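The same chain A turns up in both complexes below, where it pairs with chain B and then with chain C.
So, the complex of A and B:
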């Protein structure tokens, strides 16, 4: 079907304000946060903004009947090209569909449409003394739909796990245009083992199996108190060693984050008032719970960290805690500040390795940076072995681009060699697809068969995952 | 300088990692909610323009102009990109390729000549007072105005008859011992629309030992020109003002208008005149500039006379974008208000969120501007204040319209006007 015909047909399904077809508008949908789309943007044939399940269903049925690709998109904050029409098609921008359908406080659940922003959800839950624990660095801008589709997590996964632990059920429009309800979408129970677990299958499926149109989430009671310990290290290796010491002492912080010397520099450049000390590495331990337990665990962590650290700051002042936490959460984009004529690129940024190999991995990544002559900023969720690496380059210099691609490839292979994974939370999308066979072997064929069962024509977000 | 060679265009576009942080803070994006209005989208489009992948057409201009130039994205950008400067540079580039007669008339002819601008405002006053404006609205003549102006012209209410410059002298001597010679950058809007603010500024400054110079030939600060793609005109205006003020040998150059004080700030003067022949003179000028509120607190440390009988007034404060975002001045106006006897300062939610006025934005994007304004008014009215203070004539105009539209009888006022009232009954100490 040609472009003009697609445009005409979509105009019959959706009102004018829910449709973009002018070429200039479509260009804005050629990117996400990935370096891949910075280098190779792909322009879709149309962008639609459905705000009801029926509208999604109509668009999907039209696409299915006419063999047109459908690419779901949230806020476009992904780092893998996952929401990009790499083979053309219709982008379904779900970020305008941001209704909180129901807060069922007594059953500790909330039902949301896919476009709800993470930070807003927690603001709305707060008066009920509830919260949705996963805490991505992109909390202010990412959507819950995107979080589910990528099984996102973030700074508090150490204690609270990833998005999948909180999804009770989903409403999904399948690639053939059916509307299905998975798990407990239409129930209100918390435990539910009835049937094949299609909810888990959909979570992290990156839009290749269907469009998530409604989400029932489990919420947790909001902790009453919180504190942050900042430990300052002169030796990089002492940081991961201290993490293991804390676990050995029987303490489970809600978050453990690392910033290396470059990341510290970047944060201080962005927000000088945060004033992180210059050193080889900083660990941020967040503990939450009841006031006495927070106090006890904070003191314990301080005592343990003091053995290896140059100094440890224990903060319970809300303003200081907010500063430290913000410093960490903005590192991803602030990393660019370490080089005046450069920028950090989102590539090779999300490896996950065993806790016992974090120190080796950090050292190896630094060595790879030196090998390719590229500055790397390391930070991330060290508490669960999820290391974020930010190579800083000048993307307008082709030789640097070539070198960074080699660096990234080696980082991905390194992660697999360390018995880890190429991605801990950002997903596969286009950019980590080449490693699927190496990571999953024959299981990839079963993934493909599963997709074919849902999507016989292969129209749903093709070119991603495997 | 060629578009591609402008420092922000050359150096900053590649810094955008498209993290989307800007989506979470942009007031325009909050209304439009699609990527074409996201600040990172604007950065992307400026990059496309720079690389010649899109032509500098009015269609591109239209998309880039879905931006208040409030700078909220720039101050929140983790990569440190001056997104508003990129946007302004691109608008100017497109404008140069697609000149428009209407804009030439407004920005090159009228808004560069203080006399002509004053006469236009006089005409507006006459139209309002004679009932012509009402008649025009009734018979629909105002609908013939271009763009959103037919709807937006009603924002322009209550134009005073006498401009500030007609009421104030060029040299206003200090009362008591002279501490500083202060150049007063009297902006167009304060001069023509809010002369009471200008008079209060001069009263407060002279009362606190400043000799206040108001050069006769001040021209517009150039900010409306930057926002509307007239960068070259903005440069010429800035160069004129630099030379003019430098000839007075002032200790400080202040403005009570947030937009003007940001336009004459070092950062903006560098953006306009950096690298040009006039650079040294421009920096000599810019090193002396300061917003009035900062000058009153940091330099003069004003302390209005105690007045136990002062009537209690509940005041809420709206941060003008050009003060809070462009210059990081948030605390000084609040501190000034707190020092005024009787004032109880009540913070509104999102005090630093744009009111949607943004200079000419409310005139060119009326509907969007009203959506943003209504959110602001909801937050302001929740405070129960009887006065809504702010430091920008464009915000004042917009907020007055907002109060009117919401039947809220709070007075919109510049803090310096409240401060000046404290001095009225207290003569300066003679040394």
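So, the complex of A and C:
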């Protein structure tokens, strides 16, 4: 079907304000936050903004009948090209469909449409003393639909797990245009082991199995107290060793973050008043819970970290906590500024390795940076081995681009060699497809078979995942 | 293929001690703990005891080539007929394959073969200060493979979730005889969002997608302290209202159990010295964590429960905790003895409803018991709305059997009408298949498509789930 015909048909399905077909508008949908789409943007044929399940169904049925690709999109904050029409097609922008359908506080649940922004959801849950624990860095922008599609997480995964732990049920428009309900058609229960777990299969499926149009989430009671510990280490290996000792003591902090020497340097250059100590690694522990528990665990963490650290500070005063955390808060921004003529690119930014291999991995990434003459800044969620690497380059210089691509490729192979994964929380999208076979072996065939069972024509977000 | 030929071929694949073909031996495999198999046992053609992935693969390949059904089985503690050869075939008994392959304490993980008994796993993890939190009532008997296949849970799901939260990766022999690794071929990382989540798809799939031959589990640090509160209520509705208030206070106990008046009566008749107060409902709260946290939450729970309860007791002394918990411990046994000529049957025993509907559900189940003249005992995991109902009948009396089947059918429809599920943790197996369509609607078709993608000949545990 040619472009004009697609446009005409979509105009019959959706009102004018829910359809973009002008090239200038479409350009905006040619990239996400990935370096890949910065280098190779792909303009879709059309963008639609459905705000009902029926509208989604109509668009999908039209696409299915005419073999047109469908690419679901949330806020476009992804770093993998996952929401980009790499093979052309219609982008379904779900970010405007942001209804909180119901807060069912008696059952500690909330039902939302896919476009609800993460930060807003937690604001709305707050008066009920509830919260949705996963906390991606993009909280102010990212949508719950996108979080489910990518099984997003963030700082608090150590204690609270990832998005999947909270999804009780989904409404999904399948690639053939059926509307199905996972987790029970009308269910509001917490526990349910009836049938194959299609809910969990959909989570992290990056839009290749269908369009998520409604989400039923379990919420948790909001913890009442919080504390932050900062520990400063002269030896990199002492950081993961301390993390393990904290676990061994029976403590599960809500977050454990690391800044290595590259991140510390970047932060201090970016904002000298933060003045992080010059050292090999800084650990930040966040502890939450009831007040006596937080005090107790804070004291224990300080005692454990003191065995190896140059210094440890524990704070429960909100202002002091914010100060201690500030270095971590600005790391991503700081990484972008380590070179006057460079910028941080999102590529190879999300490896996950076993805790026992974090120090070796960070050293190896720094060595790879030197090998390729690319500055890298390392930080991340050390508590679960999820390391964020920020390579900083001038994307206008082709030689640098070429070198960074080689660097990133080596980082991904390194992660697998370290018994890790190329992606701990950001997903595969387009950019990590080449590693699927190496990570998963023959299991990839079963992923493909599952995909084909849902999407016989292969129209749903093609070119992604595997 | 006829019986003699199957026997001959299996004898070529497996040594003599790993194969049962005598009818007397096979009889043992014709039932599990379900009332259904008590009434309708199904004898398999053969039973095999593979203890290596290669042996499993050889058996599965043989079965696949010859269109013979394969039925995986753990300890046979299931209550749904899930491990029974209802359409004939070869039972794969995995209970003897009980190797703990590795306790990787540095990465808080353990790798096991499917036959490891739950209680033993936690004993072996204990010296490392680690534990695997899900805690089914059948802990002393059930296997980790069975727990994964059924997504088992138990008392602690309130705080710790179900088995699926802890499974990081699986080795699976597929119905066509491939060996695949979910969660990464060699991975030891905690976070991994690469590819479709086949790990989670396998969990709770009740053996219809393949044979689980190895399991990589995440463990948690063992909590140091524990406390028990018992609250006695004169009004049934006050029990769930109290549970909700505890949640609202930001407390997530490790378990919240209920005994309604039927269970209290059964316990007191079974063991008069326990002497539970005569009342409408008893709640038992288990709290764990660090010592000051447990003390604080225990005091809070007492304060909250005191608003509605006739009496509340909070204990941290181990002996007193055991006394308070004893009523709950013996409930299942007590239910079997409420009638001298009767026994408790496992049918309709596992509904899950929203917390807001627990009281109505319990009342409705009691009324149904009266309607059909069947004594029922109700108890269960009220914290997550999972109610265990024990109908007590004399299975020798056909009229009672007929009435109990009607009762159970109504209980299952009731659960769905209450926006719940027919099964919170025990699974579907054979007995709850008739409700799949009502619970899941068209999603069942997608479960079937997924099954067909894995198992094109339909040989893997047929007659189960949907």
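FYI, the second predicted complex is superposed on the first by the 439 of 466 C-alpha atoms of A that agree within 3 Å, B and C clash if a C-alpha of one lies under 4 Å from a C-alpha of the other, contacts with A are read in each partner's own complex, and residues count from 1 in each chain.
Just so we're on the same page, a residue touches a chain if its C-beta (ideal position, glycine included) is under 8 Å from a C-beta of that chain, and two chains touch if they have at least 3 such contacts.
Source: prediction; values computed, not measured.
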>> Per the contact definition in the header, classify A:38: touching chain B only (first), chain C only (second), both, or neither.
In response: first
>> If we overlay the two complexes on their shared chain A, which of chain B and chain C does A:181 touch? Say first, second, both or neither.
In response: second
> Is A:138 contacted by the first partner chain B, the second partner chain C, both or neither?
Replying inline: first
> Where does A:96 make contact in the superposed view: on chain B (first), on chain C (second), on both, or on neither?
Replying inline: first
> If you count the residues of chain A that each partner touches, which comes out higher, chain B or chain C?
Replying inline: C
>> Touch test for A:28: chain B only (first), chain C only (second), both, or neither?
In response: first
>> Looking at A:344 after the superposition, I want to know if it touches chain B, chain C, both of them or none. Which is it: first, second, both, neither?
In response: first
>> Contacts for A:119 in the overlay, against chain B (first) and chain C (second): which applies, first, second, both or neither?
In response: first
> Is A:111 touching the first partner chain B, the second partner chain C, both, or neither of them?
Replying inline: neither
> For the complex, which residues does chain A have touching chain B?
Replying inline: 20, 22, 24-25, 27-29, 31-33, 37-38, 47, 49, 75-77, 93, 95-96, 117, 119, 138, 140-142, 269-270, 330, 332-334, 336-337, 341-346, 394-396
>> Show me the residue ranges of chain C that touch chain A in the complex, using the header's touch definition.
In response: 104, 106-108, 129, 150-151, 153, 157, 161-162, 164-165, 174, 178-182, 184-198, 200-201, 203-205, 208-209, 220-224, 244, 247-252, 289-293, 295-297, 300, 352-356, 381, 384-386, 416, 419-428, 432, 435-436, 438-447, 449-454, 465-466
> Which of the residues in chain B come into contact with chain A in the complex?
Replying inline: 11, 14-21, 23-25, 33-36, 38, 41, 44-45, 48, 54, 59-60, 63, 77-80
